[in-house]
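Presented sequentially are two complexes of subunit A, the first with subunit B as partner and the second with subunit C.
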Partner chain A sequence: MIFEVFRQERKGQPLQHAGTVDAPDERFAEIYAREQYGRRQESVALWLVPREAVSEIGEFPDEFEMKYRRVDGYSIKARLREARERAGTLEAAPGAGAAE
Partner chain B sequence: MSKRTDLLLSFADDELFLGWRNSEWTGIAPFLEEDVAFSSIAQNEIGHARALYELAAAELGTTADELAFDRPPDEYRCAPFVQLRRLEWARTIARHWLYETADEIRLAALKASEEPDIAGIAAKMDREEAYHRMHAEMWIDRLLSTGEGRARLDEALDELWPYALGVLDDQLRPELRRRAEERLGRELPDVAPVSRGVHEAELVALWEEMTMVRRSAPAGTQW
Partner chain C sequence: MDTQSMDARTQEFLDYVQAGGQVETGDWMPDEYRAKLVKFIEMHGNSELMGVLPERDWILRAPTLQRKLALTAKIQDEVGHAQLIYRVVEDLGKPRSASLDDLVSGKAKFHNVFHYPTKTWGDVGVIAWLVDAAAIVSQKALLKCSYAPYARIMKKICWEESFHILHGRDVILAMVTGSREQFALVQEAVDRWWEPLMHFHGNPIPAEEDPMFIWRIKSQANEDARQEFLDGYVPQIRELGLEIPDKALAKDEETGIWSYTEPDWEKLRAVVTGHGPASEERLSFRRLSREDVAWVERVVLAEAA
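Up next, the complex of A and B:
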C-alpha cells in the first residue's frame, strides 16, 4: 500500500505533503513514516493517508475564458486601449505609447 | 574494575555489537522502507552504546571511542547473542524481538537503580527502545500470521533461545521466558544459557571490520 505522508514542521503550521511510504499495512506505514520523516526531529506531527483514500480532481474547464474569476485577475490594459481607440482619446492617454 | 563499570561496559558492548550486526542489513533489507527503518534502529543502538561508554569512560579515565574500538577482542563483554552473524530475515527478527524483550526487562531493573545517572540513562534509552519494540512486535505478528512465517520463526527461536537467555543475569531470566512463551504461543527449550564471557568465532571478524579504519590511522588522529 502506498501512503501519502504529510508533515508538520512546527506547531501551528499547515501540514504539507512530504512524500510517500510503501508498506504492507497501516501499522508498518506508521513505523516507516516515523523513521523516514521524523527521526531527525524535523516533524512535530505526521498524517498518513492511504493513496486510495485521496480523491483527485484534475480537470478544470474554462471554455469561455472567464479570466475575471482567476486569482491573478485579468489585464485591463488591452481593454482600456480598445475603449480609448473607440473614443478617439488614445494619443491623449497617459503612458499610451508604452501600453501593449 | 567496579561492578558498576563492568555493568556499563557489558551493556554498552551489547548495544554496539547488536547495532553493528543490524547495520549489516543496510542496503540489502527485504524492501526499501524496512532498510531505512532497520538502519535507523541500528544507529539508535550505537547511540545508546556511546552514552553508556561515556559513563564508563569517566570512571576509567578514558574516552568512549577508546572503549568502543581500542580494546582487544577478548576484552569485550557483550553477550554471545549479539555476536552471531545470521543474515536471514526471520533470524534477524527473532533476535531483534528477543533482544528488545530482554532489554526491556534489563532497563526496568536499571531504572530502579539507586544510582541516579544509571537510572537516568536507562529511562532515556527506554523511551527510544519503545519504538524498537513496536517495530519488533509488528514483525512478530507478521511472521506469526502465516504457516511459513511461523515455521521460520520457530526454527530461529530454537536456535537463538539459549543465547537470548545469556543476555540477562540469572534472576531476570525467568521473566524473559515467561514473556516470550506467552507472546510467541509456544514453549521454549529448557537449555543452559550461552552466557557472557565466552566469545563466538564471529566476534573477531566483526571486530576486525569495526576497528579497521581506526587502526589504519595513528592514535590521536582527529576525524
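Up next, the complex of A and C:
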C-alpha cells in the first residue's frame, strides 16, 4: 500500500506533502513514516493518507477570464489622477513631483 | 498511432520543463523522460545505499563513543536517503526489488567515490567532509529538478547533509590540531581522495549535450558543479595547512575559474562500471546482506497479509 505523507514542521504551519511510504499495512506505514520523516525532530505532526483515498482535482478552466475578481483586473492609475486633478489634491498626493 | 502529434506533445513537454516547469507523478510524461529519470534517480539511490559501506567499516573502530554515535547517525541518514529515493523510483514504475537486483548484479551504477576503500580514520573524516560536500553541490542543484517529487525530498536530504559535512569537518579539525601522526593521516587521506573527488561531478560535457540537463533533471553542468566545489572547499583545505596533490590547481583571479590537471576520465569510466579498487568487495557484501535479510521481508509481508 502506498501512503502519501504530509508533514508539519512547526505548530501553526500547514501540513505539506513530504513524500510517500510503501508499507504492507497501516502499522508499518506509521513506523516507516516516523523513521523517515520524524526521527530527527524535523516534524511535529505527520498525516498518512492511503493514496487511493486522495481525490484530486487538477483542472480549473477559466474560459471567461473573469479578471474582475482579481487585482490584475483593475487599473486605476489614470482615473485616480483625474480625480485628484478635479479635487485639486494632485500636488499633495503621495509621490507628487516624482516621475510617474 | 499519430507520431506527428506525439512529437508535438513531447516538444511541448520539453519546452515546459526547460522553462522551469515541474512535473508530478500522475502527470503525462514522455517515455524517454521517464526512463532518464529512473536511471538518474536510481543511481542516486544506489549511491546512498552503497555509500554507507565505506563508513560502516569504521563504526567499530571509531576513536570515541561520541564519534561512533555521530557516524552511526550519519549512516542511518544515508540509508534513509536511499529509502526516500527508491520510493520516488518506484512511483516512476520501477519496483525497489528490481533496483536492488540491478545493483547487486552490477547492471546499475553507483557513484565513483564509493568504489574505494577507507583505509584510515582520516579517510572517514575526508569522506564526511569533502565527499559529502561534493555531493551537496549536486544535490542542491537538484532542488530545481523538473520532477517535483524528487526535488521535494531533496530538501530534506540537503538539510541532513549539512550535519554530515560539519561532522566531517569536526573530525578533520580534531586531527589537524592533534599529533603529527594525526595530521599526516589527514594529509594522506586528502592525497588518496583528491582524484576521486575531481572525478565526482563527471567529465566536462557541455550542458546542452547532457540529456539529464536537457530534460532539466539536473540544472547544472558537470564542470559548473566542480568549479563550485573547488571554489568552496580548496580554500578550506588549504587554510588548515593541508596540501592538495595537484600542482596545476589554481584560480584565475580575473575569471574566477579554477584550472587543474585534467583527470583521467577513462579511469572514472572503469571505476563506475565496477572496476574500482573496492567495487567487487562492496557488491558482494551488498549481495550477502540482501540474502541475509530476505527473511525479514517474508515475515513482514506474511504478518501484514
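What we mean here is this: the second predicted complex is superposed on the first by the 69 of 100 C-alpha atoms of A that agree within 3 Å, B and C clash if a C-alpha of one lies under 4 Å from a C-alpha of the other, contacts with A are read in each partner's own complex, and residues count from 1 in each chain.
Rule of thumb we're sticking to: a residue touches a chain if its C-beta (ideal position, glycine included) is under 8 Å from a C-beta of that chain, and two chains touch if they have at least 3 such contacts.
For clarity, every value in this text was computed on a predicted model and none was experimentally measured.
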Notebook entry, point to check: Does subunit B (first) or subunit C (second) touch A:Ala87, or do both, or does neither?
Noted result: neither
Note to self: On the A-aligned overlay, A:Arg34 touches which partner chain: subunit B = first, subunit C = second, or both, or neither?
What the structure shows: first
Next item on the list: May I ask you to decide whether A:Ala18 touches subunit B, subunit C, both, or neither, giving the answer as first, second, both or neither?
Entry: second
Checklist line | Partner with the higher number of touched subunit A residues, subunit C or subunit B | finding: C
Margin query: Once chain A of both complexes is superposed, is A:Glu56 in touch with subunit B (first), subunit C (second), both, or neither?
Written below: second
Margin query: Show me the subunit A residues, by the header's touch rule, that subunit B contacts in one structure and subunit C contacts in the other.
Written below: 21-24, 27-28, 32, 35-36, 39
Next item on the list: Could you pull out which subunit A residues touch subunit C in their complex?
Entry: 2, 17-25, 27-28, 32, 35-37, 39-40, 42, 56, 58
Check: Can you list the residues on subunit C that touch subunit A in the complex?
Finding: 26, 76-77, 80, 83-84, 87-88, 90-91, 96, 149, 152-153, 156, 159-160, 300-301, 303-305
Next item on the list: Over in the complex, which subunit B residues touch subunit A? Could you list them?
Entry: 31-34, 36-37, 40-41, 131, 134-135, 138, 142
Checklist line | Residues of subunit A touching subunit B in the complex | finding: 21-24, 27-28, 31-32, 34-36, 39
